[in-house]
Amino acid sequence: MLLEDLNWMGVEAYLKRDDRIVLVTGACEQHGYLSLLADIRAPMAIAQAACEKEGVLIAPPLPYGVSPYFVTYPGTVSVRPETFAAMVRDVIEGLVAQGFHRILVSNGHGGNAGILSAVLIEVSNAHPDTQMGFFEWWRHPKVIAAGEAAGLPLHHANWSENFTFTRVADVPDGDKAPPDIPRTASAATYRALLGDGSFGGPYHASDDVMARYFAAAVDAMVEELQRLKA
Amino acid sequence: MLLEDLNWMGVEAYLKRDDRIVLVTGACEQHGYLSLLADIRAPMAIAQAACEKEGVLIAPPLPYGVSPYFVTYPGTVSVRPETFAAMVRDVIEGLVAQGFHRILVSNGHGGNAGILSAVLIEVSNAHPDTQMGFFEWWRHPKVIAAGEAAGLPLHHANWSENFTFTRVADVPDGDKAPPDIPRTASAATYRALLGDGSFGGPYHASDDVMARYFAAAVDAMVEELQRLKA
Amino acid sequence: MLLEDLNWMGVEAYLKRDDRIVLVTGACEQHGYLSLLADIRAPMAIAQAACEKEGVLIAPPLPYGVSPYFVTYPGTVSVRPETFAAMVRDVIEGLVAQGFHRILVSNGHGGNAGILSAVLIEVSNAHPDTQMGFFEWWRHPKVIAAGEAAGLPLHHANWSENFTFTRVADVPDGDKAPPDIPRTASAATYRALLGDGSFGGPYHASDDVMARYFAAAVDAMVEELQRLKA
Amino acid sequence: MLLEDLNWMGVEAYLKRDDRIVLVTGACEQHGYLSLLADIRAPMAIAQAACEKEGVLIAPPLPYGVSPYFVTYPGTVSVRPETFAAMVRDVIEGLVAQGFHRILVSNGHGGNAGILSAVLIEVSNAHPDTQMGFFEWWRHPKVIAAGEAAGLPLHHANWSENFTFTRVADVPDGDKAPPDIPRTASAATYRALLGDGSFGGPYHASDDVMARYFAAAVDAMVEELQRLKA
Amino acid sequence: MLLEDLNWMGVEAYLKRDDRIVLVTGACEQHGYLSLLADIRAPMAIAQAACEKEGVLIAPPLPYGVSPYFVTYPGTVSVRPETFAAMVRDVIEGLVAQGFHRILVSNGHGGNAGILSAVLIEVSNAHPDTQMGFFEWWRHPKVIAAGEAAGLPLHHANWSENFTFTRVADVPDGDKAPPDIPRTASAATYRALLGDGSFGGPYHASDDVMARYFAAAVDAMVEELQRLKA
Amino acid sequence: MLLEDLNWMGVEAYLKRDDRIVLVTGACEQHGYLSLLADIRAPMAIAQAACEKEGVLIAPPLPYGVSPYFVTYPGTVSVRPETFAAMVRDVIEGLVAQGFHRILVSNGHGGNAGILSAVLIEVSNAHPDTQMGFFEWWRHPKVIAAGEAAGLPLHHANWSENFTFTRVADVPDGDKAPPDIPRTASAATYRALLGDGSFGGPYHASDDVMARYFAAAVDAMVEELQRLKA
């Protein structure tokens, strides 16, 4: 259930029965052959499936994140950590002020994680009646297990992000050898070493694998939503 | 054409033939009986129609804006002017760095306008090879003329924002008398004086009126996109 | 009554009988043939006349505003929106902490308006016992009516800002055709299209017209001061 | 010569013959029986006399400074160091961009000094063709000598700030014993220990002493203006 | 070799033969029975050993980091992400301006990692002639392997941080069962669930194990320093 | 007693008997022939001696300060005033939140003073139950008296900072004539006029003089610590 599908009277009614909300964060950055917004599309699809089951609201996602390593790839837009922290802080504080006292941030982009978790704890410290959850679908043990069950390695922009809803073009067959890139290389070095943008492994998996993989993510998120309620 | 429907190779190809892009900004705020995201949904619908004609890319929209007057209405999330300025600055600078040298910001929310136009000019002053455009569909003379042609007054959250794509519930019939609220009243005063959130006038218009009104907005935006190219 | 004409004992005494104060904001920017500080001088003159009648204090004005479009004109100094917001926030919060619970910001410069009104509402939301007013003399219906009664168009740096107290040199006779400049043009474009800096229309009006026009502004401000007290 | 007495054409002409400008900074804070704006009025009077002799322009002064120790005195408004630094930085950068390459900041308030000098040097480091001067009239050796010649101690809000242009009420006769206040005491402690706001010594001096004292300040500033030109 | 053991002439000489420098970042936060500065002491000890071998300079460390989860434990001081980012940015930019074009940040505290790596890449993007390295000793594969070789689990404030130079009191014998704490729990929840502050496992290991573990960290860092030089 | 020599249980115990703590601030900047960290080493040595007597805790020092005038000297790293203010504010607020209600900031670097004292007072105003002290050893009357007793002038990087613990190389014999440098000169001018970095006078004094000078500083600081307790 998307907040944007409600008017304020609808939110007022919702807050009488629940105080949970999901905020999706991600990035507008290269994902090889996949959508530049894969880091929003994947967690949003998972959130919609999970929140459907739990009857939980989803706030509008934050589409721009911290991606300085990829700005040499057309279409990547990165914001500074200070800016991202300020935006997240204002939005989370705003949700708390509205009465959303249990907030699950579902983050689709690794570069945001350190800032997000710090700001969430700071807000939570300032408001003892709140509870903040943090969910990253692709790092959840259940989801990793699903990947391992398929015998496929998990890397940025490989099969593990290649869903019907993130696919915008054909992807190559075959495996890519994972390149070795220092974590704080410049964006120029990243592009020189990374080529098409995938971090390696197969570019796609069978529909069946993807369905089980997605289902694991939804299950994991449902669990987080329930834990938040407890 | 949405940026998110492309991968980076697609953007690379696009930048060889065009350097325009549209960024939609709005707000997550009460709109009476209409969607809390009306200020994104309306300019996005207009942008998609106009950009389809002009073959121009649309970046992911910024869903949160400056709406301190409405935070007493459930679902309204407002960010501070400083935060909004920093986010817009980073995103616009990021687009310029990517080669988008002609950027049209289509702003759907009045509270953002002063900050947006200042930041756009500052970025433009710093990059002499760029050209920034600013479009607010509901303030465009052509659109105002279309409203006047229908004999209907234009107010926040009345018929003039009530499209099929912003409607999430039934709206009342009849006219609301426009309340008189000081511009810098607190959010508590706004809610006390504004009631259901509409600034008055009729809550809906005929499909025919809405179609002509929408068409005027699309025409106006096409014109802006062409002027930017010239 | 200027705050600067008092010592702290004088303010202490004032606060026992009134809690209103006026803060004038403006810009240091080109005004064609007129003073670079026209946006301070005009609202200060109006404020002094209006506050004289109402016995209200006037705080020292903020002389620098957000004017990125004019930095190509010598003498124009523009501050970033983030800086202006921080300064206004600190000053308004400081006044509230002093016991000035009803503050009328009289803004002389359009480029400041969006930031000012947002910050004023945020401060008001944080302090439920305060009331913020916002006055822009040149946009007040009574003042516009006075201009229309004289049959003269209102534009930046034309007759409508040409008072004895803003005039620093001779101005041309005759009418200037208003140029058409995109709102977010760069400062270089502004100067190329705007020439002498006036936005068009006659450069001066008769003393009689100016007196009636000024009187309308004072009346309008007195009304705002009274409304704030009510 | 005040910038505000010119239009942009006047500044353009000025910049062809000189690139110096004076920026006065001060505070809106208690000065005992004297004007709350004494820290602006004194350096402005001195600047006007000195700049008259040297034919140098004076920019509009910044009336609010960093005065957290006095906020318990009615009429004192203090801004945060971060805000003051940002405002000074933007204004100085703006003046440099306009072609004012030799800027003399005349600071009337001790609490601003550390931030001002740091920002001035940072701007100067970034623009090798500029020269920044920093003048604090009351700390200049010539001015201190003039005070000592009169056999009178120099303290905040005593005779040494009591000019015709800072006096707004009668001041007591006699000497006040200087209180001993820890530098970083809270504003509550300051008020408890400081009483009427003067830091002690006589409240006034003879017109003759004040004239010689003022003349020393003007001489000192003329010297700084000439050194800047060299 | 510590920067603080040199004067500026010494640094000038150093920069003629090398342009590498190490910056250690950490936290002032609870480490169970260990020193509150364990996150500085461990990476500093490792850096001193590694830099000794490579003849590389070490800048003064940043002792405060982002630790909002532990502020309920006495002695923990956490700074906001925005503040940490600004400080790191200024220091790294300052080092680059000094001619240190290859900088290895050795981060001792997980909560800093996301911000640090983002800022390092942003600085590197802005200065194409620089190379930034990022080293976290406890996450390095060689160090993890050394821990696994000893058959001991790695957790915050357990044996793996218990060196002679981080030990300030006796530690318990025996194993602690690792608690399960949500990542974004509030500091109150952290303290309630975490008790003595250790995340579990044995509190100490034999001197022999610690020596091999430390040696692995030094080896890993030497390798990073050499890679940076290449 | 250093905070870093304790674990959190140790701080918890300390806070039951005392709520004082010392925070040393300084700079990483040229000191002529002396250590680049002289502004930390000197106040730390004094603090350790004084706090030993008083049984007071010392927090980890902030090694980077505001030193824009010296960035042309290798090894000098300066942070912006805004950054320094934010860092100090976060650390002091963090200490207050931990229960350290009487904080003595011992500042070793003149360039930090204005910002530090402002932030300390602001924090103190916000927390009426706290008391902030500010100590600068080299400006304390007792220490100046000790210097004068030795008949030696006090200047940056001369004998008065040349202790065994700040000395890292031989220093010249003889006296240096103090250069005359405008306070807000650029770093390039500073280096041109200042040469080896000392502000003049003798480069060293006898061990006996240094011992008495150091003892005066320790005495002065003990007094400040006691005054804070009272």
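Each chain carries a letter (A, B, C, D, E and F) given by its place in the written order, and its residues are counted from 1.
The criterion applied here is as follows: a residue touches a chain if its C-beta (ideal position, glycine included) is under 8 Å from a C-beta of that chain, and two chains touch if they have at least 3 such contacts.
In this text the structure is predicted, and so the values were computed from the model without any measurement.
Any chain that touches chain A and also touches chain B would be listed here, but there is none.
Touch-path distance (fewest steps) from chain B to chain E is 2. Taking the mean Cα position of each chain as its centre, A sits at the greatest distance from chain D.
Between C-D and B-C, more C-beta contact pairs join the chains of C-D. To find the repeat of A-B among B-C, A-E or E-F, check which pair has over half of the same contact pairs by residue number; it is E-F.
The distance from the centre of chain A to the centre of chain C, with each centre set as the mean of the Cα atoms, comes to 46 Å.
Here the spacing of chain C and chain E, counted between their Cα centres, is 53 Å. Multi-chain contact residues of chain C (touching two or more other chains): 71, 80, 82, 86. A ring topology is adopted by the chain contact network, closed into one cycle in which each chain touches exactly two others.
The touching chains form a single ring; listed from chain A in the chain B direction they are A, B, C, D, F, E.
Against chain F, the residues of chain D that register as touching in their complex are 66, 68-69, 71, 80-82, 85-86, 105, 111-115, 117-122, 124-125, 128, 130-134, 182-188, 227. Within the complex formed with chain A, the chain B residues making contact are 3-12, 14-15, 28, 30-37, 40-41, 59-64, 71, 73-80, 82-83, 86-87, 89-91, 94-95, 97-99, 168-169, 197.
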